[in-house]
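Before anything else, here is the set of structures, which you'll find just below.
The two complexes that follow have subunit A in common; it is paired with subunit B in the first and with subunit C in the second.
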Partner chain A sequence: MTGTRSRRFATAGGVTLVLLITVALAAPLLAPYDPSARVGTPFASPSGAHPLGTNDIGQDLLTTLIFGARISLLVGIVAALAATLVGTSIGVVAGYARGWVDAAVMRLVDVVLALPVLPLTIVIGVFLGPGLSTQILVIASVIWAGTARELRAQVLSVREHDHIQALWAMGGRAGHVLPRHVLPAVAPLVVPQFVLATKTAILLEASLAFLGLGDITAKSWGTMLSLAQARSAFLTDAWLWWVVPPGVAIAVTVLSFALLAYAFEERARPSLADRFGGSPGTADLRSAVPGEPPTSGGDPLVIDELTVAYRDAVAVDRMRLRVAPAELVALVGQSGSGKSTVAAASTGLLPAAARITGGRVLVCGQDVAALGPEQLRSLRGDRVGLIPQEAMSALDPVRTIGDQIAEAVTAHRRMGRAAVRARVGELLSVVSLHPDRARDYPHQLSGGMRQRVVIAIALAAGPELLIADEPTSGLDVLVQAEVLDLLDGLRRRLRLAILVVSHDLPVVERIADRIAVMHAGQLVEIGPAGRIRAEPDHPYTRRLVEATPRLRLPEAASR
Partner chain B sequence: MTPVLALRGLSVTFRGAGGRVPALVDVDLEVAAGEMVGLVGGSGAGKSTVARAIAGLERPDSGTIALDGADLATLSRRQQRDRRRQLHLVFQDPYTALPPAMRVRRIVAEPLVIHGLAERDRRVHDALAAVHLPPERYLSRYPHQLSGGERQRVAFARALVTEPRLVLADEPTQMLDASLRAELVDLMEELRSGRGVAVLHITHDLALAQRSCDRLVVLRGGRVVEQGPTHAVLARPAHPYTRALIDAARRLHHTA
Partner chain C sequence: MSRLRRALGRAGQYVLVLVAATTLNFLLPHLAPGDPVTYRYGGQTAALTPEQLDEVRASYGLDAGLPEQYWSFWAGLVRGDLGVSIGYSRPVLAVLAERLPWTLALVGVATLLAFGLGTLLGAVAAWRRGSRRDVGIVTGVLALDAMPGFWVGMLLISVFSVELGWFPSYGAAAITADGAAEWVGVAQRMVLPVATLTLASLGSIFLLARASMTSVLDEAFIRLARSKGISERRLAVRHALRNALLPVYTNLTLAVGTLVSGAVVVETVFAYPGIGRMIYEAVIARDYPLLQGAFLLVTVGVLAANLLADLTYPLLDPRVRRSEAVEAREPAR
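Let's turn to the complex of A and B:
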């Protein structure tokens, strides 16, 4: 997977680079001749004494190539170092300070980024005269802007993090927050930025040198190319040995830096690999598993002895559950109890790291695990509706809700325009929204209305089963009640089978027919909602019921 | 007695692409020493903005924020910082409020470093013990090695380490599993009665507020629509919005 791929990239890039740097450092030992000495006849063909032949004045080309690595890498790395240093400081300061500082700096960055790099470097190069320090200065001054922009964006997002806000709330000043919190947070990004900058710097150096702006006494690979062109090497056969090796050297160096940068960037991205590292607990509750008979009949959702594992950790252990038409079953448990994994398995949306190691899930009679991607897709839209957790992120902010519902309608069947519009209006009224709302954008709706839209999308193809994963988390009480009442009404009106996954027992117990309680991957209790609340069997359920604060109102409150 | 916190006519306006949006309008609110006040309301009511303004994360347009009787706006920067040591903000989401790459020891010690206070080890130990996390077991853990409930306790330990007189708790139970919520509210209650820390508990959960708060302040659309002793507000809500909140809570909690 990506992890091993990025490691392979890193190894390939790293090994090549180490090799190149070793060659550069050990050039005097490795090179067969003195780079400035005339050791052969001009334009000599490759031979035992001169594996790449000689140039127009009889200098050994292999020696020039080996010494060229020193200059190319030196200029590349020093320029990139300077650019990264400048770019990082400017980006971090701009992102942290915001306001006019940010505005001023970013306009400058825009200008630098908008300037055509090569002509600019040539102009500055000509102005300052050729030489190594000119090259470094010129290259650094055109590539810092990209780093600055990248880092600024990162800092802007980091400074909105709660833990940074918490520091300000504690009275922390920039002198404390920047070095101790912001810089470490963006540091992982600086490394790939530096490596990428080095890659660009080496390419630019080659271009500058080729255009004659290099230091003629310190020949880089670019200078070799430039000389080959200037000294009419192309008129003889010698060009092959003069031009191809430095060209390949540049390509290989740039490629290895690019591979390395890619690997670093992958690593800097937060990984979810550890999320399910913890084992979901011991088997102490196993004896209490009540389960249900696997007799299915025509139930839209039948979960039969389902076992799901993340690597070695069992997330769901021999789960049994059935949802009948027009029935609303609530699956309750704490985070990490495996309830969301059950929901994901029921829709074929398990994360890549998870595998079904036993049992099966039948949705409308079809074994989910046995379906191909195409069949799964059609099952999901057609027979099963999904209601995701966060209504805001489930909707596209730049399209009207009518558009988004229409997309769900037409995803599974062809329809005329008028029919689609009618269906969208119908769906909106099913979730108690006015059909005129179709023209609104998500931000024009309240949280509860957005959740209604998401439900309308889930209903678009007329499913038999709805699976709602924490449909009310993040909504306030008024809206929670509204959304749950809607779900309750839907299953009655449309005879939908509904599975609601929630960590909030009191929220679901009012509308659920049955409640299934999960703990540490196992079903510990299932039964009618009233019974679970009034006389829970299992000690865990009892704890769950008792720990829940309930509103106790004196009589006067019922107005 | 001077209240620990007094807001007088506090107004905050958000300026965004869509123009100016009033977030808080003329909010009056007091928290007495050792008192727990519940600030309740639906999402978007401005509850968090109140806390952020008090903590200095939002700039008020008008009105005063007084800590122990001293109007923050009249103090020098240095004095403001010293005053702010007396209050601490606990955030809603324990998964984002703690710096991910630091161990609990450093996280809890952070306010001490910021305010240059000594005896760090002893204070950090005390604070962790106060939230019932045995220091020897937790000091060298990282946030990702803690459960949501434990993280929120660490956040409270960090809040307590400078021995503040006021803790602003912004929906601290929102992201926790239902069974852990009551536990955390009990902890807040304990901190209040045991250490005399005043708490402004921001929540939309009336059942939680009822469990712990002396007084309720109901916020809607950035305005205070009702305030009074918890039992009085719940028994005889004067404002229709308060009644709607109670109604919804009752429906949700299946309470007859």
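Let's turn to the complex of A and C:
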């Protein structure tokens, strides 16, 4: 899983770096020769005395490689330190000051980021002349901008945090709020920024040295490669011992920093981790007793003793529910009551972390948990349509409405182009939209229209069951009523079984035949809408009903 | 309204970058230790007497005040006068023009390949984030990204040119060939540099694509698309990848910067006659005017690539195509 993986990455990167730094520090002890001494014949092949052979003037290549670690790491780390210091200060000040200071600084940052890195460093480097300090200066002056931009964004977001806002409201002064509250929140992000900067700096140093802008007296790995290139070592067998080792050294060093940075980032954003916790439970979880006839009696949705768990937490506990053709059942409860999990389980769209640990869901007689991916696919849309949460953003923003409806039609039936177009127009009319809307993109429609399109998609393949998860969220009251009336009309006209999941009892009670109330994963009460409203049995339901302001007198429970 | 403002902001940004690059070009010889004349002549001024030096300074207008020099520098730029190359004794612009097509070809092809391959790998990795395949691809790309581009090039030469003899190791065209053979020669000599450049610049595009795909896969529209019962492949390509492409495309800046930097070292390794190799030669020869001209040209090139991405972005994203319509219709209900 992701947590252990990022730890493994961090360990691998960290251990390698410690090793490399040790080698660099202990270079005089480890290296067999003096790095500047000519200790062998030029261009010697590897031998016992010179494991990596010698270069064009007879220096030992292994010695050069070991001492090269010092220069490469020194330039990389010092340049990155300088860049991180400058970048962090500038980013924090810009994000903190905002206003014109921020605008001016960010303009500068954008300019630096837009300039091509290597040509820029080359031009500056050439004019400042060769040398280690020049290299460090040049590299730092180019890479600070990325850090500044990242830190500024972080400071801006920290500023918006409630407790910082509260400090401002209480009259906190900048001199107090910045060091005490903003900096500690931002500090953990400086480390990955530094690690990333080091990685970039080491690669840049190698490129600069390769292009002859390094310090010839202090050979880095890049300088070694530059000399190898100048002596055409890669055109002979010498590439194996002259070209490969320094490159591998650079790659290993940079990769170690990259792995560390990756692990830091993954940890800084835990929301990204564990998205794919385990494979969704399917075949091994079937619970239908063999030979038992489907007890559905033809009902499109039968939920029987369903239990769903997220890891160890039980989200749905022995849930039972049926929805008959042309019936509209409302499933109500607070957020976290498990109602959306029931909806997801009924379409085989449970999140990866959730598992059906008991009971079953029969959609049109088929046990959803027992179906393979391909069978599930053919069930979705064709037998059961879903109106997902956040319907306002449930349409693909870059494709036309018509295209998206057509896709739902053709997913299950082969049809000619004209027939598809006709069917799309028909579906749009069913949800009271003009067929010409097919050419529009989602952003060209209002929220209520988008919700209608989503309903049209759910209806496209002619399902027997419709599951609507909070179908009215985000819509204003008038549109809510329109959408619910549409659903109500559809189930009568098309004899659809509809399960509406909602946290909002008054919104759904008007159209529901029966209301099921969920609390803490359990079904606490179910019954005709009128009775639930008039004389709720369960204390929780009573609280729910009493909490609702009522404008109309309850109608007779005639529905 | 807001769109126009954004476009103007972008344009302002481009102008700012251009002015900054040019000003930097102008200031560098003045900031450097020593005399600009020394730099103009690549350290060959020792042979000149002080009187001759003054003459040279006057002839270049270097005896004038800094603002005045800056002004004439810009005037020269507008006329397309980038000075005279020391190494070639020819106008810098002419030398650059000769080299540009090779670099354009190299970087152009590599950009397309890196963009395609990086996006595809990023999408595949993000599809099952945290799976073994994802970890494998991420580790592989990070390792590739950690290798210096010139080193990858040297290895490719050692293996494919020297050991296997499949491709020529240097140059852009065969010297004695014409007609179809010439084109074959050009293509053959492009394979290794393009491969090197693509491999060396894949990383940033890959990471961007993977992050973008990951967040797209969490979107509500993916859930809706899945509930239609369409195939996973269709879902991945038509909905997820299609949307994940947008931020990758807008952040082309990152990639083009990396690619241009990569071109400098890759062309050097392969002795490819483009701008990058020329920069290397100018560094070796301390040919300052040529170097400055090249830097300016490269900056303009990166900006042009970004401008192109800005202008073509509406083809990918309908939301910016007809944004007036949204504002007109949204409150209409």
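Just so we're on the same page, the second predicted complex is superposed on the first by the 375 of 559 C-alpha atoms of A that agree within 3 Å, B and C clash if a C-alpha of one lies under 4 Å from a C-alpha of the other, contacts with A are read in each partner's own complex, and residues count from 1 in each chain.
Heads up, the rule we're going with is that a contact is a pair of C-beta atoms (placed from the backbone, for glycine too) under 8 Å apart; a residue touches a chain by one contact, two chains touch by 3 or more.
What you see is a predicted model; the values in this text were computed from it and never measured.
Student: Give the label of whichever partner, subunit B or subunit C, reaches more residues of subunit A.
Tutor: Of the two chains, more subunit A residues are contacted by C.
Student: After superposition on the shared chain, which partner residues are touched by A:184: those of subunit B (first), subunit C (second), both, or neither?
Tutor: A:184 sits against subunit B, while subunit C stays out of touch.
Student: Which partner does A:547 contact after superposing on A: first (subunit B), second (subunit C), both, neither?
Tutor: first
Student: Once the structures are superposed on A, label A:480 by its partner contacts, choosing first (subunit B), second (subunit C), both or neither.
Tutor: first
Student: Under the stated touch criterion, which partner chain does A:414 make contact with: subunit B (first), subunit C (second), both, or neither?
Tutor: Neither partner.
Student: State whether A:170 touches subunit B only (first), subunit C only (second), both chains, or neither.
Tutor: After superposition on chain A, A:170 lies in contact with subunit B alone.
Student: Taking the superposition as given, does A:128 touch the first partner, subunit B, the second, subunit C, both, or neither?
Tutor: A:128 sits against subunit C, while subunit B stays out of touch.
Student: After superposition on the shared chain, which partner residues are touched by A:507: those of subunit B (first), subunit C (second), both, or neither?
Tutor: In the superposed model, A:507 contacts subunit B only, not subunit C.
Student: Residues of subunit A that sit at the subunit B interface in one complex and at the subunit C interface in the other, please.
Tutor: Dual-contact residues (subunit A): 274, 479.
Student: For subunit A, which residues count as touching subunit B in their complex?
Tutor: Touch residues, subunit A against subunit B: 161-163, 165-173, 176, 181, 184-185, 274, 334-335, 447, 475-481, 484-485, 503-507, 509-510, 533, 543-544, 547-554, 556-557, 559.
Student: Could you list, by residue number, the parts of subunit C that touch subunit A in their complex?
Tutor: 13, 16-17, 20-21, 24-25, 28-29, 31-33, 39, 128-131, 135, 138, 142-143, 145-151, 154-155, 157-158, 162, 169, 214, 218-221, 223-232, 234, 238-239, 242-243, 246, 253, 257-258, 260-262, 264-265, 268-269, 279-280, 283-284, 286, 288, 291-292, 294-295, 298-299, 302-303, 306, 316-319, 322-323, 325-326, 329-330, 332-333
Student: Looking at the complex, which residues from subunit B come into contact with subunit A?
Tutor: Listed in rising order, the residues are 42-43, 52, 55-57, 81, 84-85, 88-89, 91-93, 96-101, 110-111, 113-115, 144, 148, 158, 177-183, 185, 204-208, 210-211, 231, 234-237, 243-246, 248-255.
Student: Please output the residues of subunit A touching subunit C within their complex, sorted ascending.
Tutor: Those in contact with subunit C are residues 1-2, 5, 107, 110-111, 113-120, 122-124, 126-129, 199, 203, 206-207, 210-213, 222, 225, 228-229, 234-236, 239, 243-244, 246-247, 250-255, 258-259, 262, 272-277, 347, 349, 373, 377-382, 385-386, 388-391, 393-399, 404, 407-408, 411-412, 441, 443-446, 448-449, 454, 457-458, 460-461, 479.
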